[in-house]
Amino acid sequence: MPHARNPQLNGNGELIHLLSVEGLPRAIVTQILDTAANFASVNDREVKKLPLLRGKSVFNLFFENSTRTRTTFEIAAKRLSADVLNLDIARSSASKGESLLDTIANLSAMAADLFVVRHGESGAPHLIARHVAPHVHVINAGDGRHAHPTQGLLDMYTIRHYKQDFSRLVVAIVGDVLHSRVARSDIHGLMTLGCAEVRVVGPRTLVPCDLAQMGVRVCHTLQEGLADADVVIMLRLQNERMSGALLPSSQEYFKCFGLTPEKLQRAKPDAIVMHPGPINRGVEIDSAVVDGRQSVILPQVGFGIAVRMAVMSIVAGNDA
Amino acid sequence: MPHARNPQLNGNGELIHLLSVEGLPRAIVTQILDTAANFASVNDREVKKLPLLRGKSVFNLFFENSTRTRTTFEIAAKRLSADVLNLDIARSSASKGESLLDTIANLSAMAADLFVVRHGESGAPHLIARHVAPHVHVINAGDGRHAHPTQGLLDMYTIRHYKQDFSRLVVAIVGDVLHSRVARSDIHGLMTLGCAEVRVVGPRTLVPCDLAQMGVRVCHTLQEGLADADVVIMLRLQNERMSGALLPSSQEYFKCFGLTPEKLQRAKPDAIVMHPGPINRGVEIDSAVVDGRQSVILPQVGFGIAVRMAVMSIVAGNDA
Amino acid sequence: MPHARNPQLNGNGELIHLLSVEGLPRAIVTQILDTAANFASVNDREVKKLPLLRGKSVFNLFFENSTRTRTTFEIAAKRLSADVLNLDIARSSASKGESLLDTIANLSAMAADLFVVRHGESGAPHLIARHVAPHVHVINAGDGRHAHPTQGLLDMYTIRHYKQDFSRLVVAIVGDVLHSRVARSDIHGLMTLGCAEVRVVGPRTLVPCDLAQMGVRVCHTLQEGLADADVVIMLRLQNERMSGALLPSSQEYFKCFGLTPEKLQRAKPDAIVMHPGPINRGVEIDSAVVDGRQSVILPQVGFGIAVRMAVMSIVAGNDA
């Protein structure tokens, strides 16, 4: 009995959509990171422009507003010489009662090549990928609580850049793991690349014990979670969690799980500190750590452009 | 006594503005469709880009929000290598009390080449065309209930593509003909191209008998309207009509004028079904028809890009 | 004791940021105007495009909405072949509680080359310029009541274009000088270029006597202010001033300080009339003057594109 085809790959095992890090073979993840390494140097050049997507049409479909993420994809596409169309879908045909698939069919008929999709519902990019024509590609720019694969891949790029080999690394992911699509994508990426130990760290309401089923070590104190870690990934704490029953006050949270220079000393001396942004200084992380010598938060942003360029150029070269 | 000059043509009879299909000589309509046929193949190429408008500035002036229409013009202009500026006029200087003509004069002074204008008031694009400098061109992207000429032209393109010769065709336009700028542009296009019979079909509140003065056959039942038709153009039913006194319930409307596979059998077996979008499935048209073998609704969208590229490149080549 | 370095210049005295006209050496102002004169002809060409900023990323950061100003910068950058990213910051990360400097650091990490900043707070562009990397440039597109240097420079360009030599000119700036960043930038530009006499003209509430400390002549009647003037710069009257205690009614203001053809006769016969737009016809200026032979209001707009192209291309060529 044949298993269901991986929706991200074509018959030759080549990447045609990026929907989640979960399900990506290690060889594909490595291909993306290697390609990104080439593009990283483009972003330092005088003329930051390559003709790889010239004459291609990239549609940014943001059903959920995110200026920052949209900007990273827009700049990546423009540096590859694509034509970029930003669609503020919330204000548009969606509000005229058209279905998601009718909107996509309509835009595809304009000879779109690539959809970058951000959607509040988990699985929306998968649904779209199942229905587009063979020459059209879909990149998930964040869907519900499910996945944020380009963020996951840029985190892998960052770790590889600073630490090279994953096989001896201890990586701690700290904060609201339960609601974070970034954490989910990171965990899958780290597993795929053979990370020695992945820890998830936070209060029981945000890091429930059954997360251990994902193959990670669950820690409910920073002391335990940071001990001898090589990499510390801090998650953004959504303010809306604060007002609910999930958390005590912001001060209480910072006291237990906020990353300070003192607490960071539990990790290895050469540990790096990452954060997907935007940062809440003084909520999940102390300003001294953000701006400190171990922080690689700003380099992450630059790597993110290179990784998005890599994903776009790879999928655009492969047909279903 | 000389007659008033056609505002869409220069002294040599060349197209300089596209304001309405009404008033376009048959030779110009044919020129647009022929040019569009060349561009249609560009949209299937690997590199969908031509240098025809390189270094030209196209301003999308949308006084009325329409992401879909704006996107089709933006993509058409970018595929011709123009620089595209999107102006959300509603939020801008208009709100500072500046007049329409002062806004236009100001933008013209920035060395604009082409204005794509969507406006809630009928005639606004004509007013603008009367006041711009000789090298500036105006394309109407929909004005009030008056005209939507690029939609009308893409409908003509679609019909010609599937049916070639207009001289023996029966075309039925179904729905809210009274309030539809698309219907108005379609009727003028069909007349100009020598269509054998144009029918308008709908309830008396939306298709009053005096429409017959336009030279069309008025039908108040689908049975009569669809009989032996070669082309069926379904119009979008605006929801706001439903709540007023013009129509009974949505179910009642669908029962009488909604296009189902059964009712479509009244038309010729090779009749094509068109719709300007966005579609209200189950209101004016059944899903089985939208997705059926006679539907050319999605090809229409692609032809629309080619037609808009054609109109832009033609007017940009002619001076007043 | 060395004085604080001019934040707009590098160690070689070259322009790296444009923050205010105040503090710009005369040689730099002249360099900008001379460069703009070259670009002005580009805007009249068939192909309005130069490759000077190809592969550069220009970010329009508008913390305050201004479609008109944003458009002038966008078109200037595109004519220099830059990639332009428009960020509607108000709706974005700023609303997620991120600080201004964190937003800028994040965008800089995407390998931005040039930030065009509009901000409601005076000094925000200076703050940003102090914190960006050496290869990143900042252009102030209006900050609070402080400065609007590209408007000031385009006004200088306009005056030089029509009057050549500043050393014998009388320039009258009329209206709400107190709240106008345009007036402030104009005054500094005129002083720097050696203008013979600068007058500020308006009611005592909008033109207080202590403005004389800036080296200008304060006039509280149009009769005095316009007498033998070579250049008349009318300022836009913000409607919100009308409702406050600062002014009597709009009719009363127009009667005293509104520019009519009759009052303009007090100025020299070849005096030119300028206005930064958008115009309030019948509030600060009569329609007959706006559309009259002495008005250079529309040419100003075109010069503004050339001046913005000049500033962008100059700063992009200089490193900190």
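Annotations for the structure displayed:
We just call them A, B and C in the order they show up, numbering each chain from 1.
The rule we apply is simple: contacts are C-beta pairs under 8 Å (C-beta built on N, C-alpha and C of every residue); 3 or more make two chains touch, one makes a residue touch a chain.
This is a predicted model, so every value here is computed, not measured.
Residues touching across the subunit A and subunit B pair largely diverge in numbering: under half of the numbers involved belong to both copies.
When the CA atoms of subunit B are superposed on those of subunit C, the rotation angle is 120 degrees to the nearest 5.
Rounded to a whole number, the gap between the C-alpha centres of subunit A and subunit B is 41 angstrom.
Looking at subunit C, one finds that none of its residues touch two or more other chains.
Contacts from subunit B toward subunit C in the complex involve residues 54-57, 83, 85, 87-89, 91-93, 96-99, 102-103, 105-111.
Listing the residues of subunit A that touch subunit C in their complex gives 43-49, 65, 67-68, 71-72, 74-75, 78-79, 239, 277-281, 298-302, 304-305.
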